[in-house]
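Each of the next two complexes has chain A plus one other chain: chain B in the first, chain C in the second.
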Partner chain A sequence: MPITTTRRRLLAGSAAALALPAFVRAQGAVKPRLTAISQWSAGSDGAAITALGKKFEEKGGVGQHSPVPGFTTEMMNKLRAQIIAGDPPACSQLKGPEIAAWSKIAPTVDLDAVVAAADYEKVVAPDLAKLHKPTGKWIALPLQIYSTNMLFLSKRALDKAKADKPPVTWADFNALAEKMKTNGVTSPVGTGGTRADDGQKFEASLAGISPAVYRSAIMNLDKKALEGPEVKAAFAQMRKLTEWMDPNVGAQPYATNLKRFIDGDMGMLIMGGWAQGVLKNAGFRLDDFIIAPGPSDNGKPVFLLNADAFIFWQRKEADLQAGQMLMAQLVMDPAIQTMYSQITGSIPVRTDVDLSGEGWSDGQRTTAAALKNAMGNNQAVLSLAHNMAQENGLTAAMIDVFTEYAKNKTIKPEEAVARLADAVEGAR
Partner chain B sequence: MRDRSFAPTRILTYLVATLFAAAYLAPLLVVVLNSLRTNEEIAQSSMIGWPQHMAWGNYALAWSGFCVAETCAGIRPYMLNSALITIPATIFSTLLGAVAGYAVSLWRFRGDVWIYGIVTLGLFLPQQMRLLPWTIVLRDIGLINTLSGLVLIHTIQGLSFTVLFCRNYYVAIPHELIRAARIDGAGFFRIFWRIILPLSGPILLVTVIWQFTHIWNEFLYGVTFTPGQQQPVTAALIALSAAVADIPQHGVQSAAVIIAALPTLLIYLFGGKYFVRGLTAGAVK
Partner chain C sequence: MTSAASTATGRPATSAMVRRLPEYLMIWVPLLLSAAHLISFSIWTIWISFTPSTLVPVAGWVGLRNYNAVLASRNWQIAFDNLLLFGIAFVLLSLTTGLLLAILLDQRIRGENVLRTIFLYPLAVSFVVTGTVWSWLLNPGIGIEKLVHDLGWTTFHFDWLVNRDMAIWTIVIAAIWQSSGFAMALFLAGLRSVDSDIIKAAQIDGAGPIRTYWRVILPTLWPITITVVVVQLQFAISAFDLVRALTNGGPGIATQLPALVVYDLMFQRSQLGRGAAAAVLMLLILLAVLLPYAAWRYVRGRQAAHA
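Let's turn to the complex of A and B:
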């Protein structure tokens, strides 16, 4: 059933796109070609981008993917070098506010027509859409979504605490953690202690206390909100989290401690939805843990969005232009998004994809439902820890504050509020 | 007479040395052990532990199996790329450094101190600062995304170090030797070839080891100025470790790290004892 809808949609999309003059010219004359830069090289990321490349070739295109292993900075160095050399890739991986920043460096492709033809905008979370059309025109397309504040609960730790329900509010969470502690769970809150990890603990705290304040303080950097009582409360909540964490763990990937989590030695983990795939690949059983939306004081799920995307760079070559249009269509296609997310463990960008079928896990279904619910209540916000809310420089300055706060327990919440405001002021 | 080998200071020396050696070797031990454990075994227990069953398959996978995006060929092709960059760049930078060091130390000319100073200044410039200028240079001479471009970068940047060390080594050679050779009618290159080069063994070994290790281990330029298939081995290693959304592949990663480190390890094993000797001989004077 889903396949027929998919095919019909794709046909409709292609027919509409054929109406675009540039596309007709390009498509008629040449074989679509695509040069792409991404940092996806290994594991499920590498497998997913390879599968996408295969689909591109099935549709008659020639894909030339150049992976830049490492982290975002390496990929950006490569991108900068290619742009300066006058040879930007037809598309490259980029995310969050960096899309707007980089679009000022080199001309990008106007994707409005092909997006309109696929009637795509209405199925994308509004805050997310905004990031991909910084000047009002679509120049980039999101590919997959993760939430950074899913709550993973260890079944064994729950058993020790004689609890069976995931907490809804921070008060529930704190009560459960306390119960775990008194019943022999060494560290009720699991951690790895990387910078992103510390950032996630703060953003989950604040967004859970008040998504509205998160939006104004972290996304819009409103001074009053940044120094307001909710931010202080978020630091206080984060302090509780750090008290429940193993003080001997620091600067490790969170995945290093998954065994302790499953054993019930670490009780709860606030992590991105991707941790589910990691647990699965490490050979742990899905019924050894529960996934729930992160704590939210108003009882409705808050969704901290993290989304990967492709930005499209202007090229004169007809084959590359045709390749860009084909790629844009593929990225918006529900069947492709399904394929991609099923490989990586993320959820589709489109909110109209049905996740009830085979190939999806309960964790993914919970995540997708949380997104839909959060969007309905205007509680889907952009993750700071994963470079979705601010540009890299500002993000780094803010995460410095969180990381220091997580490690240095003598810092008081009110002091941290002042430090955060200073960091924002200094980095602007 | 007392047996000096049991003197308390001696025992203390060995004790401290053993402790330091153990501290430095512990990470290597963890890597070697993990290279023989399956990823699942590591994930299900801990990063530190004895192999349950010897997982030799890690080495096969690391050498020719694992995938970097679409290419599933292990680190083998990337090792070759690294060799194609490292070997020429090491030879060129060492030879040019020797000639230049010889010129600024034994053939005084107007501005020689300045030239020496400017060349060695390169040692103090951070890599990131030079990235953009190199991009422009490579673009203008058409070598961007080629291995030749990287050989050029490493040759020129290597000069800062090789000139510094060769110059400081040659300064100790008596000027009379050069004068005598000139009276016999030898020119600049004949003196270099016949007199200086035969004296240069230790210092050339130092620069070769130094250059080889640095270029082999370099990542930033290697990943910025090459297209996917031509990346150096460091890029392939990072590809194995940087998957955010995956369980770290500690087993294969450890095996790959050991294979990738072999060339530099071998160079140190064979040339190591000359390294310290040459380094002190060429120390800043």
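Let's turn to the complex of A and C:
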């Protein structure tokens, strides 16, 4: 029976072929490989992830990064599709409460051993660490930290207003904005018109008025705090901000108007530290602007924490598993965090990195000092506008209220308070 | 035509069947595949709309909870009002613009081919491009308003794009620019197919050009008009890319449309169940347009058969 023999041979041959990689694995000769998806494709973010990929390859790995440009949610759609198809990437960008939510739909990698080996836990802020180990085990690693309420001041606009000091409280801020307006700065508050922009205006207002109320109202959704006087005051402050913004911005992203900001046509920008990377990448000089902590009525910096992270999805392939371990080690490495943050304008997750050396800007030093200070005073809170405080559904429902309020000046602060409470109720 | 030919030559039916097999395959296989695709996914979406699915689809039954949540949400209410306004304004205006262009082109003018291409050209541009271009043109800070200001008329005011009461009209403008060429092409074909004897008869009877159009030619166009209305309406109901590029639902949430709400719920907010419910509601709106159209076609077909 010649046919059977052939079949048998074929089977034996393919079995051998299949067994071969396992054999190689046993030899420890497997080349670490990493499939990764993130939203970082261009500008300083793209440059940073490319640099990280190079480091990965220098260590003998093969990196396969597939960027999904746009908002984080766009990246999540690809992630969802891959998870449903049973083929998740070895690692993907994900952050905040989404780490806990997504880890329920697909198995993740237990990183406890590699984190313990690097003695990493003690150099990460406890609030942040908690988000990355939702069930007590590390399944994700934060990569870099931003504060979403840093205050960028245009040097030229400050010159026009004959001011040289960044404002500390909201009253200072409002006075400076008024001064800029009367001295020919067209729009004292620079901005974009995206949903996140409007969300940031509100969170910066409320956290600056009272970080404690921000924590109970926005992070813990306490009904009484949500309907309290501080939230109303925050809406009133936000209304002032919208009055100083350029109404023609429409739905443009904030980066579209950065040249006007540098030229002193827009005065102040409440934005995350990433704006520094974008400004630098666009060819502007660091001495064209000042970075200060966002306005805080009690005078002590308030830090609206936003941290990018990688989550690691379980894979059976030995080369991917090796790649995951290599990547985890790299992400925790102080030299890598330094390299990454210096490109993007963020600050390192590790609290033990020294920012006094070359390559760091004054803005980054200010941010790092603000984080330390805010953590000491319990004024480091999680950003809502950048999906750190709540899951997507709730965040979006709340931002609906902020974005409508920003664009519709007939809505009164007290109406907005009621709408916010309704939106939270409806989305829960 | 093939069937007429085969019966005329009187060949046996089986060989005719075999000969026509490629035709059947060409028509029925893709038709069945796309129907199965469409129907199975529609049923799946309807099923999901009754489940508690959020990040990924899950089994379970929550009754009408998703529907109630969607219908009670501000986003959907605004989107539905906008759809009514946008649908009616867009269909009426693109119809009249298209008809006017067709009548003007029908005057046997020189350069008709060039003009027809120009009017049809926007249709070849993707909605995302249209939306982006118009978003720059209509932006008061850099577009038309700035141009007119720079020309010297500084009191000129045209800020519809960033004015939440008027922003929906910018979508109407861009949509008309895009698709009135399509209406024009269909109407022009209709105008050209009118029997020239009828027109001559009208002229002999002393009807002027306006009267000829109004009383003689336009009444023959109404089947085309209905086709255009249905095609444009289904575009209006499912409009997504244009709005996303032009206003992205803004300022604030003033230009939300149902398709944006569906996308938002499913892919931005990770609420698959509610997103599916909104999608089913959209399907119902579409059916409200398409079912009467199908009934009308059926009745007309029967009338034609009787005649």
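The definition used in the following text is that the second predicted complex is superposed on the first by the 398 of 428 C-alpha atoms of A that agree within 3 Å, B and C clash if a C-alpha of one lies under 4 Å from a C-alpha of the other, contacts with A are read in each partner's own complex, and residues count from 1 in each chain.
Rule of thumb we're sticking to: a contact is a pair of C-beta atoms (placed from the backbone, for glycine too) under 8 Å apart; a residue touches a chain by one contact, two chains touch by 3 or more.
If you're wondering where the values come from, they're calculated on a predicted model, not measured in any experiment.
Look at A:77: by the touch rule set out above, it reaches both chain B and chain C.
By the document's definition of touching, of the two partners only chain C reaches A:247; chain B does not.
In the superposition on chain A, contact of A:172 is made with neither chain B nor chain C. Once chain A of one complex is fitted onto chain A of the other, the partner contacts of A:67 are limited to chain B, with no touch recorded for chain C. Once chain A of one complex is fitted onto chain A of the other, the partner contacts of A:407 are limited to chain C, with no touch recorded for chain B.
Counting the residues of chain A touched by each of chain B and chain C gives the higher count for B. Of the two partner chains placed around the shared chain by superposition, chain B is the only one that A:45 touches, whereas chain C remains out of contact.
Contacts of A:256 after superposition: chain B is touched, whereas chain C is not reached. Judged by the document's definition of touching, chain A residues 71, 74, 77, 80, 84 lie at the interface with chain B and also at the interface with chain C. Touching chain C in their complex are the following residues of chain A: 71, 73-74, 76-77, 80, 83-84, 101-102, 104-105, 193, 198, 246-251, 391-393, 396-397, 400, 403-408, 419, 423, 426. Of all residues in chain B, only 39-40, 43-47, 66-70, 131-132, 135-136, 138-139, 144, 219-220, 223-225, 227-228, 231, 235-236, 238-249 touch chain A in the complex they form. By the touch rule above, chain A contacts chain B in their complex via residues 39-47, 49-50, 53, 65-71, 74, 77-78, 80-81, 84-87, 146, 253, 255-256, 258-259, 272, 274, 277-278, 281-284, 344-346. Residue ranges on chain C touching chain A, taken from their complex, read 54-57, 69, 72-75, 135, 139-142, 159, 161-162, 164, 247-248, 250-254, 264, 267-271.
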